[in-house]
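Next, two complexes with chain A in common: one pairs it with chain B, the other with chain C.
This part shows the complex of A and B:
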């Protein structure tokens, strides 16, 4: 076995894992605040990619402006999803709300390519194509930069949850009625969580769009994001980080090592296997928060 | 002019079930009023009609008016009512279990933009409740029942209320803790002039600190008066104070109890 190849796969897996974790981060943000799993996160990432491309290519704006504008637009879009769709579902069974987000996912998957055209859109955010050598290891520059940016955003959201508004959002996650009773605007906190979730999705959509182009397949990130969120424990940001690295490396190694033996296609199985195994063995994930019960 | 006036309030759950049937209550400025009654009498519902927390339970005030500081507050949502000065400490404490006591208090200060003020309030709470300062780093869910009740009261005080509504603060606490909590409530009322509306089943403890009280049964006010009058009333003594003298159950004639419906 070629050790350099394995090391290369592992390292690129780490960075890809960080980029997956970024999609997952949005799911965790929303779950932490509102207790809902947002199954539209993949399509949100895709939509973010499309919006960025549309602003850059359609309106001819410089890329950095397009990215900023897309983040703002998507923050608004995330809040609108909460305001228009989810607020009506208050008091309904959770499963209906989750189905609603899945409906949004499917709708966006059809709508975006329909509006912007199905061909793959090239999203050039100015990362050079030339590969980077780290010692003997060859690393894809786009993945490296994407991974580092993702890590930055993950650390940032960790800090956010310890800020004053972050504490308020965690309080909302704990007990909505009690939050109301001390004057917290619960609906607004949840809307902000959806906005931030959409911003995370858009960042991921842009970074992934830069490596593979923007088309509907960006929404398939949902499966990886779900695997990471479930493995990490759904409400833990450190969990997302670690689980992202695990899923990224596992996928990368599976592609490099098992693919030649079975003839390919193992990449997409890894995420599903991880979901399955986690749910069977450790349903609360690696870092899922315990239910506090005093006896 | 009283701080809080409930005028003939009627509350229906699911538009069908009447939990409160025309209740009128007044809480004067700086007053300490007890609302006594058995399980299911409608005490908690009365408090929720004031704080606006009926909505998550599909309840609504179907008749009557709730005036706070001269303003009809029924149209306001719960966070706005808190900003007017109404704090509701929920039954069963309901602290944010996964947050530390300090974070619990911070979360309740979301309406204060002035950071120095928040810090001052925090210090104040930790001086009033030294037990909370000791456990400031633990998760609130792991605090003892008494500590959680103190935290719930401190959390409500972070909103700087004019009216503090307490829903069964003695629930599930040892007698010495009940005394401690009630002493604190009395102190808060006396020193900072916060009016208190206290819902209790433990009528003995409540009437010891209250200035006046209301007795509620089946969603109706049965009796009201000063604390002395209520404690002296033989019916109250028999039904809620556990009987000062031994009750001869053969002689009790329930159907002849002197009940008068006030509203």
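This part shows the complex of A and C:
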């Protein structure tokens, strides 16, 4: 057994898991406020990556301006999704609204490569590619920096939900009718949640785009994000953090330990197994709240 | 005779239906030779198709501007099959109905699905850099023509080059093979296993899940395996991620090589300077120096008749398209030499394609000879290395390990003969 390799895979998995968790965070933010699972989160991450690349490469803007501009554009886009599409679905069965987000996912997955070209795009945010060694242990700089930024954004989200507006959003999540009755603008709170979800997706799209390039395959992050959200609990930010680490490390170790035994292909199975096992054994996830309705 | 409504409707319907009913050889009278170029522009092969198709169309325009072949224009019917079998089959059938004598789908699953139809319909199915490697055996696949080095030959060329770099022998060395976990990615494995046994090197394989956008857990294992050489095998995002991870893991890039699926665009994604040293197999010369490319720039692009962005002219994949188009046109020339009066059918073109001899497209290709037995064209390619700005050939055109390659070709083509699979 190569213990250095195992340690390296575990450390890599921790950082990758944090980057997955950032995608998942958007799903949780939206679910916490509106009670909807956004199945377009992967495609929104991809779109954020494309928009950043388009501003940087197409308009020739410095990367930091491109990133800021993309975050603003995508915040607006997230709010518009709520305003133009989801608000019209009020009164419809929840499943129809979830299907609508799936429709947005499929549309974006076709639209973005169609508009910007299907070839992989380079998104250089200035992370050096040279390996970083701690003794014999190699740390991948791209995932290290991506993981640290993701952790920062997750902590920031926790702080936001304890702020004044965060309390408003939690109130909306708890009871929309009661929130209306005390004068809270519920639609606006939900729209802000969608905007923030899009910002998280864009941040993830930029970090993953800097790691692997920008193309349609960024949208595949949805599966990992769903696994993390389900495992952590759809309405729990700390849950996302812990579940991200679990999924990242489990995937990484499975690739290193199980792949050689079975001939490969276990990395993607890990996320699917986590979804299945969690739903069967603990449907509300590790930290999710159980909703008990009085009938 | 008075024209009543029934006669008018019948006459109009007959007029509209007539073109579809005209047999293919009638197009010879219009002096047009039709090729079906339904390819995947929108789904899996997007990384290559637009440049490849642009190269093909520009070359056909060059030939047509010069008066065609024997007074016949080449008409390339371009469509998008999106790597979707029903759409691809529909495009193939439409091409057949309209008199196409050749089809180039540039997709392994589509090519595999079309093999039985092409063999039955006697339409030339071009499977360059795709399809079945055993289609090199022309006696088993008379109408399936790779016209270029298959994946087995490419793996054989890389191993041969590694041996030269290692001082003539790979005995005791370790080669790591990182590949996408699909039939395409696994294709070189039988050749590599035989070569490992024969040449005494250790082969270690690492499959990654498609499409290959996340290989973070693969490359630390590659590095820890302490390989002497690394071969990686994928396409699109899988290739750029593989290169990026190799760099991030500190592997020496001048010991890393891939197949024909690497282009200048990939280097931009990875970082031109960081990727310096990485090697690839070249089936034809890249850049703008080859004579056909210069001719296209002067006679097609300068007249505003180019099929796409000028910046893409001379890229690896653009030149692959020109390579294939030039071989198709050479096949047409040879067919006219053999049967000047046609009729222009798939069988007529097949005779021409299978008598291409020592063709180099004015120095752009390795000498290519296609026979009724060898549809690979002789199996020559070369190794090129990225110097930070462009791919530079570091070998001449050569072929290697063809005894092993043809052993596999015959094994699988015999099975096809026996079982049809």
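By our rule, the second predicted complex is superposed on the first by the 290 of 295 C-alpha atoms of A that agree within 3 Å, B and C clash if a C-alpha of one lies under 4 Å from a C-alpha of the other, contacts with A are read in each partner's own complex, and residues count from 1 in each chain.
Note that in this section a residue touches a chain if its C-beta (ideal position, glycine included) is under 8 Å from a C-beta of that chain, and two chains touch if they have at least 3 such contacts.
All of these numbers come straight from a predicted model, not from anything done at the bench.
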{"item": "Which superposed partner A:184 touches (first chain B, second chain C, both, neither)", "value": "first"}
{"item": "First (chain B), second (chain C), both or neither touched by A:8", "value": "second"}
{"item": "Touched partner set for A:121, first chain B, second chain C, both or neither", "value": "second"}
{"item": "First, second, both or neither for A:176, with chain B first and chain C second", "value": "first"}
{"item": "Between chain B and chain C, more extensive residue contact with chain A", "value": "C"}
{"item": "First (chain B), second (chain C), both or neither touched by A:68", "value": "neither"}
{"item": "Which superposed partner A:168 touches (first chain B, second chain C, both, neither)", "value": "first"}
{"item": "Where chain A meets both chain C and chain B, residue numbers", "value": "none"}
{"item": "List of chain B residues in touch with chain A within their complex", "value": "51-53, 56, 58, 78-79, 82-83, 87-90, 94-99, 103-104, 106-108, 110-111, 139, 141-142, 145, 155-156, 158-159"}
{"item": "Chain A residues within the chain C interface of the complex", "value": "2, 4-5, 8-9, 12-13, 16, 110, 113-114, 118-122, 124, 129-131, 138, 140-143, 211-213, 215, 217-218, 220, 251-252, 255-256, 259, 263-265, 267-268"}
{"item": "Residue ranges of chain C in contact with chain A within the complex", "value": "42, 46-47, 181, 206-209, 211, 213-214, 216-218, 220-221, 223-224, 236-237, 240-241, 244, 247-250, 265-266, 268-271, 274"}
{"item": "For the chain A and chain B complex, residues of the former touching the latter", "value": "91, 164-165, 167-168, 170-171, 173-186, 289, 292, 294"}
